[in-house]
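Read from first to last, the chains carry the letters A, B, C and D; within each, the first residue is number 1.
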Amino acid sequence: MNFASDNIVGASGPVLQAIVEANAGAMAAYGNDEISVRVRARFAELFEREVFVFFAATGTAANALALSSAVPPYGLCVCHREAHIIDDECGAPEFFMHGAKLAGLPGVGAKLRAEDVDAYLKGLPKAVKQMPPKALSISQVSEGGLVYGLDELAALGRVCRAHGLSFHMDGARFANALVALGCTPAEMTWKQGVDILSFGATKNGGLMAEAIVVFKPELAEALDYRAKRAGQIISKSRLIAAQFEGYFAADHWLDNARHANRMAALLSEGLARLPGVRLAWPTEANEVFPIIPQALDRALKAAGLHYHSWTELSLPETETIGKDEVLIRLVASWATGEDEVRRFLEIASSEVSRQAAE
Amino acid sequence: MNFASDNIVGASGPVLQAIVEANAGAMAAYGNDEISVRVRARFAELFEREVFVFFAATGTAANALALSSAVPPYGLCVCHREAHIIDDECGAPEFFMHGAKLAGLPGVGAKLRAEDVDAYLKGLPKAVKQMPPKALSISQVSEGGLVYGLDELAALGRVCRAHGLSFHMDGARFANALVALGCTPAEMTWKQGVDILSFGATKNGGLMAEAIVVFKPELAEALDYRAKRAGQIISKSRLIAAQFEGYFAADHWLDNARHANRMAALLSEGLARLPGVRLAWPTEANEVFPIIPQALDRALKAAGLHYHSWTELSLPETETIGKDEVLIRLVASWATGEDEVRRFLEIASSEVSRQAAE
Amino acid sequence: MNFASDNIVGASGPVLQAIVEANAGAMAAYGNDEISVRVRARFAELFEREVFVFFAATGTAANALALSSAVPPYGLCVCHREAHIIDDECGAPEFFMHGAKLAGLPGVGAKLRAEDVDAYLKGLPKAVKQMPPKALSISQVSEGGLVYGLDELAALGRVCRAHGLSFHMDGARFANALVALGCTPAEMTWKQGVDILSFGATKNGGLMAEAIVVFKPELAEALDYRAKRAGQIISKSRLIAAQFEGYFAADHWLDNARHANRMAALLSEGLARLPGVRLAWPTEANEVFPIIPQALDRALKAAGLHYHSWTELSLPETETIGKDEVLIRLVASWATGEDEVRRFLEIASSEVSRQAAE
Amino acid sequence: MNFASDNIVGASGPVLQAIVEANAGAMAAYGNDEISVRVRARFAELFEREVFVFFAATGTAANALALSSAVPPYGLCVCHREAHIIDDECGAPEFFMHGAKLAGLPGVGAKLRAEDVDAYLKGLPKAVKQMPPKALSISQVSEGGLVYGLDELAALGRVCRAHGLSFHMDGARFANALVALGCTPAEMTWKQGVDILSFGATKNGGLMAEAIVVFKPELAEALDYRAKRAGQIISKSRLIAAQFEGYFAADHWLDNARHANRMAALLSEGLARLPGVRLAWPTEANEVFPIIPQALDRALKAAGLHYHSWTELSLPETETIGKDEVLIRLVASWATGEDEVRRFLEIASSEVSRQAAE
């Protein structure tokens, strides 16, 4: 049983089937094939407007490319200080942005508050020594598993407009947020002021399928050149595109996300009921962040369960982790079985009982 | 019928099958899965020594990453002036090398001669204004479809050693060169002084499967960091690795390459026999570069045949293209049918006859 | 009266005179002139060993070039979170290091403690997503005007060795620190493990004269190429070099620094005696950081006095700035007159009395 | 006697005097001083329109910064294949442009013809693999000492407009070209379509004084940030600015340039009269490119005369250099004495006679 991440399983059935079907015959390479054309149209339909779509092989590349179109080499990109782009990509954004800087702000559960972003921007020195802020990047779902509400997104969008920033959303778990909010893709993005989106499918059933979706046309102008020089234009492009066809067909992507979120909710509820265990913050999508006794942590790992421990950087001010406790992250995916969750909870529960009895 | 490139078809059967099989179950992400481990060992076996292997999603990325490990930002990389890295990658090498420069030298059929490289290096000014040369990059098969012989490779290797350059081989068509020479991978690379290799599988049956194979250990030191920050470390890494398992199994890759080369030979022989048609230079792997009458070119295209015209930059000095002629490139692949070749030749032949009769 | 910075005055007499004298006649350009040769030898003498010396036109360029030789594009450079390189150079280090990242740590008075650096380095994840630390950069004098003692430097040097980091010192105010410690240049640098130094002269009497002094030979290897491609190799190089001749002659540089430090001490003592005024931390070189009432701040500015207010980021934990107070920075230089200091103190003193009387 | 370059002498009297005078007293740093403000206004007057002016310490930095504002990292900059930016700056343009590429075209005397540039641009493939052309850069005076006429500039300007390119002029020898044409600065720049200019003063009397003059406002938008992060904003900025005051006062700069051109003309006429010596192309500014017997070359060097030999890349098609001949470059400057020129010619003349007699 593995709750370490949502990229430890392969592609889901419909996605794999779509690849197999698209594989036969000759087609134009480098994005000029008919499947890529169809998929781009599908994105426009989903987002209820004209969009510019670029495929990429990894989420890291999608994020870094998106940011490079919004932030010049001398610019600043504001994000959460635990954002994936700042912590987990070995400097990919700085590489693609040619040395532009990421400024990491605090916020509970790795979520940014519009008023904090606004205050930070207002406090920047007006001087040539100060890199000018050019973009805001948020993760929806956040690195802490929280989901920005539509009002929160709108408020961030207003701050961006007021300060002349482009608004980027890292949607590695876009579908999980979408079904959590129960809104449309349009409502969760451009209608709140999002300018450019990293649309991830890999974690939710894809094999390797990421897209950059651009709402502000000037950000799309050079993205094909940027993608090409980054080695991100796959020659047999139809096999990236085909994954999205399988992904979108019959709401497969939404079903996958709903399942993952439901598994996380189950896990979350079960854990919260255990004595000595509490949630660092609420479970809103497919990730659970419980604070557990270190003894329990050791026992779970000894039982062969896989997951990561987590930093305390984004805890609420009212929360502290005791010296016998640890903050962990559990991730559910489209492939997580309800039986796995139940078995995990049973193990945890019996461990807690056993330890209490000692 | 499409002779435009060897990336217009999907993956070959065994490669696709390997993906499907590797897809099930949970495995560690980011290259730590068991298939990736197996495939790295397979590379060591193939090259008869310890090697360092890094996967990439595109040939452009493999080349640019390989070069970035060998050439510092202030350095010079010598290559042919029609090299893929200089002409076809939208500046990817310059991006990954952070502004290092490609110096393009001439040579018939896009092949470099060791004496020309040596003379160029000796003629460079010794001054701080002159970027110091740090690597030589050749394409095996060359952009003109020619194959460097082992002696030629050894001579280039000696020039590299004499001038302190790393020796990079762009092996986008590695297998086609290998079967053309009838030698081992070791003989075609490190035994002649090659330090780092872009090993391409995509054009010869892969879906998207490229590897960087490093023979000089210091060039491997930071490649994982470089690949990560370039967005080239695929999360579901086993699905890149699996392609290589399918590719190598039962000599599938060599069979594919032999077939492609044989189809090109058929095409070449058939064309050379037509009046008014001649080869710009010999056909040595899976690409044919004939000079044909423009009238024939128009007729072939009108018949729905796909291929590219080519620049005259690498013609032998003794050759010129008449004003009613055109240089074209025809590419055969593992998927090219013998019937397609025969049909192409029939169309060409009857066109030549028809035009002669006019 | 201007206490805003130590770069608001021109060159000192001996430095200007040296330029005028060096101006006549023809000499080789680009660093090959006899004065540059002499000055390089002088640096070796001063540092009591072989050193590699590179001139630059600005401190920003000296720092960024120095770091670019120590930190690869995928690397991390540790520094204080208020370091000049992180806050005041519009991303120059990131530009010259091609996207490498600066990690800013806390510390009172903008000084880093060896144990904090060590703990930070030990806590970094061991993973490819984590940029590997490659250098430590400190400012001697610190951005808060504090001076690292020899023991503190030695401890930082040991941390660097233990973790495989290069050790960079930003010596924009090198002379001020040197006379504060009363040690030799060798003792303050390589004898404690410093590998590469930005040696500033501009703030202490130069017109525009900065040098990079390298103690670890491999860091010097490519610095001439890096400087050239950064547009930092001045054609009439003797006129940079000449400034150092004037600067070093008859201990002019040390006299200048002693004077500046003495003026700051005077200022510091006078201010500390005023009711309602206290120092944020001790005055150790040529900068004073007092916390003063906002009413006094307004009055001083109204009286035409120039200086900057400062951030509270590096205050001791035991210190807080009241809501009617402000932290300011006063800088004394070689050109600051004792009469100016006395006049400043008089104005401040009478203002404090006047306000107390209200 | 030294005809190697025009940067081997120091500053001219009026320029040095201006520095000395500007040195006294306190002034704002980083370009906010009153002298910098005055000089910017003076540039506007000289160019008869609003201009944006940025100072730099070297011509290399001025060129590279100017290009970085016009060419994005994925773009192409067209220039002559012997341009200073491509050959003499160790990759500075590629560094500042973040990997953008320089495409070098041929042309006699290192001058580009508008029709050649147009044909090159029209021939570029329309594909994402092709870096899109974004700027044209010419040197006025050319690297071969030739001067573009106003008609030639206008034609190049039209080609730039037609293809959407920014038009950059490297004016390292701007004054020499200006007095050769006898036109105004406005006529030689923006009136013919030049968008951005590297205005050099160092070679013509400055100590280190270069400026970027921008006519197309959008190219000026971020240049202050770019200059800062390149370490090109000198803290004691008034001392760069002061040089321009001395330079422009009483037409000192034009006098200097006229003198240099006259000395070159004298040299040119004298050499052309010698048997066995001919000019590779006409002398139009302050540089002479004669083809001389190798025996004469050896004799001149033996007599202690300094100058550089030159490449044959830009010879007219009708010209070839015999195997006993060599192409050399002689540069005259504002400091070249007429007696030096006459003495050079006497030595050359008597050598030619002596050799003829042998």
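Basically, a residue touches a chain if its C-beta (ideal position, glycine included) is under 8 Å from a C-beta of that chain, and two chains touch if they have at least 3 such contacts.
Because the structure is predicted, anything quoted here is derived from the model rather than measured.
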Listed pair (B-C, A-B or B-D) duplicating the C-D contact set, over half by residue number: A-B
Winner on C-beta contact pairs when A-C is weighed against A-D: A-C
Taking the mean of the CA coordinates per chain, how far is chain A from chain B in Å? 36
Per the C-alpha means, the centres of chain A and chain C lie apart by a whole-Å value of 41
Chain centre separation (chain A, chain D; CA means) in Å: 52
Chain C: positions in contact with at least two other chains: 73-74, 89-91, 94-95, 98-99, 128-129, 131, 225, 228-229, 233
In graph terms, nodes being chains and edges touches, is this line, ring, star, complete or other? complete
Contacting residues of chain C [partner chain D, same complex]: 2, 5, 7-11, 16, 19-20, 22-29, 56-62, 64-65, 89-92, 94-96, 202-203, 207-208, 225, 228-236, 238-239, 335
Quick check: in the complex, which residue numbers of chain A touch chain C? 73-74, 87-91, 94-95, 97-101, 128-131
Touching residues of chain C toward chain B in the complex: what are they? 30, 72-74, 98-99, 128-129, 131-132, 222, 224-229, 233
